[in-house]
Amino acid sequence: MSTLTTLAADIELAWWQQTTLRSLGVMIAVLIPAGTLVYVFLFKMMSFMQSRLGPMEAGPYGSLQLLAEVGKFIQKEDIIPWRADRKLFAFAPYVVIASVFMIYLVVPFGPDAYFVDFDTGIFWALAVSSVSVIGILIAGWSSANKYSLLGGLRAAGQLIAYELPMVLAVVGVVIQAGTLNMQGIVAAQAEGEIFGFGGIGNPFVLTQGIGFLIFLIAMQAELTQTPFDMPIAESELVSGYMTEYSGLRFLLFFIGEFASAGAFAAVAATLFLGGWAIPGVDLDADWMNVVGPLVLVAKMMLVAFLVFWVRFTYPRFREDQLQQLAWKILIPLSLVNILATMALKVAF
Amino acid sequence: MTVTERQQRAYVDAQAADMRVAVELETDEGMTLNLGPQHPATHGTLRVIARLDGEQVVWADISPGYMHRGYEKLCEVRTYPQVTTLVNRIDWLGSFANEVPFILASEQLMGIEAPPRARYIRTILFEMARVANIVLFLGDLGVQLGAVTPAFYAFRDREHVLDQIESVTGGRFHPNFDRIGGLKDDLPKGWIADTKAVMQRMRMFCDEIEDLLFGNEIFEARTRGVGVIPADVALSYGLSGANARGSGIDWDLRRDTDVGLAHNEVDWRVWTHPDGDSFARCWVRLQETREATKIIDQLCDGLPGGPIMAKVPRIIKVPEGEAYVATENPLGEMGYYIISKGDIGPFRVKIRSASFSNVSVLPWLLRGVYVPDIITILASLYFILGDIDR
Amino acid sequence: MSDATTTEATGTPEAEAGDAAAGAEQPTAPADEQREAMLATLTAALGDRVVGSHVVPGRELWVRVAREAWVEAAETAKLKLGCTFFDFLSAIDWMPSPWGRYEYSALDLEGGIPRPDPTAEIATGYAGGDTRFQVFSRLLNVRQQHSVMLKADLPDDDLRVASLVPLYGGANWHERECWEMFGITFDGHPSLRHLYLPGAFEGHPLRKDFPLLARLVKPWPGIVDVEPMPQTDDEAEGDTPDGNGSGAENEGDA
């Protein structure tokens, strides 16, 4: 956060104090969306869709349920299976969580409200999102459980397969924006024009509609949500790669799942819906540092709503059908999308 | 060796001796995966042992019996009315339907015919058991395939059927209502109107499920072509009910035999599907549920008056003889072969339960399928553990 | 009758072979003739190995065959009578149970648990029978809706019979259950092992001389815990064991 940095420089905070503040800031920035997503979508929206109320006891309308669950998980016994590889078993959840945190680093919340502003922001985001695959594989292998192994292997295949459509969908966005920088992409959408009409800017969801859909589907698969939840597959593999995890480690996976849903939703909102900017508002205004995060969170909730809505409705694909969808349908489609974007970009 | 290692070794040895199948943890030829006995996909304690090559099943074996309660032995020490209570619990989701063939067989041996009103109400409750059972199947089908939401709709709407059953018989799950010669009680006031409203609601539920689940492309991709059972294999393994009709066999015991229920007096049709895959079986069950609601409506409309119980002696002694009566239960053909020696209780009861034969086809069927398809096949064959294990 | 029989089955495949039995329209009057015709077919195929038969008109046909002809009888039923549906297979133990209905306490038995009397006359059922154990199976023709119940006697000292697994795949599990419950060996069965019972189980539970242990351990009807019924007001004064009187008028010393 650059304003905070300048502020901190004025107050003469030591470097370690600044780092602590920044780390706390990242934790809050990551955990609050995760908690909100869990409450709104998992506890309430899912329940309402299933014609029931959901948690109502802990706090008003069950809002503190997640807090209660966190407390419950933290105080549980630390169980590691007898034959499991202890070090790897303990290590896996942290890999997944680390990958999620790293995605949040490059998401801009406002003109000056960001953690890091890489020139290759979106490239970084896509790269580190693949780190969680390693974590899942480690979890599946080290659990010494055949169900976990099956889940981990399925996850490896699926997550790697769906990286490609995601990347290719983003390529279309990058071509249109002309930059890999996340702030640059936000600016391109806010100040761009659709065939000469500049009233609402150029939110890429309109001009890159196919890319948006591909990105959503690939995102669903990257999050291992139904209909792509073969790695978890609750009715077959009990919990897939998470079967043997309990207590704090399971909590890390659980929070990681929703935090990464938030992270991907934020990235999608930035890439396609315009990020923290509102069309017609000055991009450098200082008060956008306060309003921007709210706008981004609203757009993030919208994307997350789509993700979870599909999750609670559809049955799941079989592994080979999943792969067929990725390789035979999504990748060719995204390549066509790139060609079309290039052609139109050059022509106009 | 530490204590835990010894215990673990002993456990593995016991399991191996149990099945006479060596339970290897890792081999070169493939991995042995144990689905069950505790597993979300086997409706109860059924153990499926599958040897996998990657994700494909090389061979599979089924080990039932974790719920074996010894029904046939228990029936030998009970009197005829006591058997009704016992027998409710074989197929516990459509439990009235379990009592019916036994009562009909006893009535056949005694030469008693239940009065028409009792016959009609028996058929109504029989079909309601079918509706309750299959509605849960439809909800559970979604869960097995990953769609968690239809299950809640199924349970919510099924409650209404159970409420109706409870208001007549006093029990939601185990009515224990059928008696030799008739029924225990008559219908309460206003029951018929309520039931027709409930049946209308079930029809709406069936439409909802058809939209939500059967119209879904992912569902079709998961179930079409999966677990195809040709008709001759189905017959030789004794598959009955929707499993047989899903393979194109046009056979329904309600239409084809006259055992003493009132199906012949209403207008309904039998649904078959030629494909023989999981989709066919599930689809046939959906249509049957709709058909059952129509049957109930027609029976409610034409309900005759009269007594609810024929004249039977207080202590029921069934004369000597043997009889076999089978009815089209929600799960398939369920029959009781009663051997009576003129005593107050049966001499031998052979219970022919539908799921026993349905599940026996699994070792043949599961060769070469993928692991997710095992779940689909188990879901579409639809068995209840109490029915397999008796 | 109704028009419920007119169904348009969507493309029922002609999968059964050898449908030579007489087609029946209504299952009432010609049922006897139909079943007699079936019996005649079986007798023609098996000759004098059909040892007994019984027909309940309109209901069922029982045919008892010699043990050696068990598979051939099933084959005749499958090919000549079109009974391709394997309903079930099980066994009957005709000996009356030495414990009756267990309506006594085992502790009250003088002389211990009674042993079965091997010389006692065993009464068998339809289609006769000479031995204690009989194996029986029902085969069904789903096109013409007729069925045949085959029975075969098994001598006490040689409880074996040929397996029907080569003919019907479904016989596999039924025969396994029969073996573990009665001790009847099926020659030619691919793997005769326990189905329901754990591997180390000793004994054959459905035999009549295998006791129902629960009833021996705890006598029937067990502890009878009956709450006293609430009595009417006139009788209740001073009589109700629990303190709650049934109504305000009950001023008695409850």
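Which chain is which? They are A, B and C, in the order written, and residues in each are numbered from 1.
Please note the rule applied: a contact is a pair of C-beta atoms (placed from the backbone, for glycine too) under 8 Å apart; a residue touches a chain by one contact, two chains touch by 3 or more.
Please read all numbers here as calculations on a predicted model, not as lab measurements.
Greatest centre-to-centre distance from chain A is found for C, with centres as Cα means. Central chain (C-alpha centroid nearest the global protein C-alpha centroid): B. Chain A and chain B, compared by their mean Cα positions, are separated by 44 Å.
Centroids built from CA atoms put chain C at 19 Å from chain B. Chain centres here are Cα averages; for chain A and chain C they lie 61 Å apart. Residue positions of chain B touching 2 or more other chains: none. The part of chain C that touches chain B in the complex is made up of residues 1-5, 7-13, 15-16, 27, 56, 59-60, 62, 84-88, 90, 92-93, 96-97, 101-102, 123, 125-126, 138, 142, 145, 149, 167-170, 172-174, 181, 193-200, 205-206, 212, 215, 220.
Listed in rising order, the residues of chain B touching chain C in the complex are 17-20, 64-65, 68, 70, 72-74, 76-77, 108, 230-233, 235-238, 244, 248-251, 255-258, 263-270, 272-274, 320-324, 326, 333, 335, 337, 339, 341, 345, 347-348, 350, 352, 356-357, 360-361, 364, 389. On the side of chain B, the complex with chain A involves touching residues 4, 8, 31, 33-34, 39-41, 55, 142-149, 152-153, 156, 212-213, 216, 218-219, 221-222, 370-375. Of all residues in chain A, only 49-52, 82, 146-147, 150, 226-227, 229-230, 233-236, 238, 312-321 touch chain B in the complex they form.
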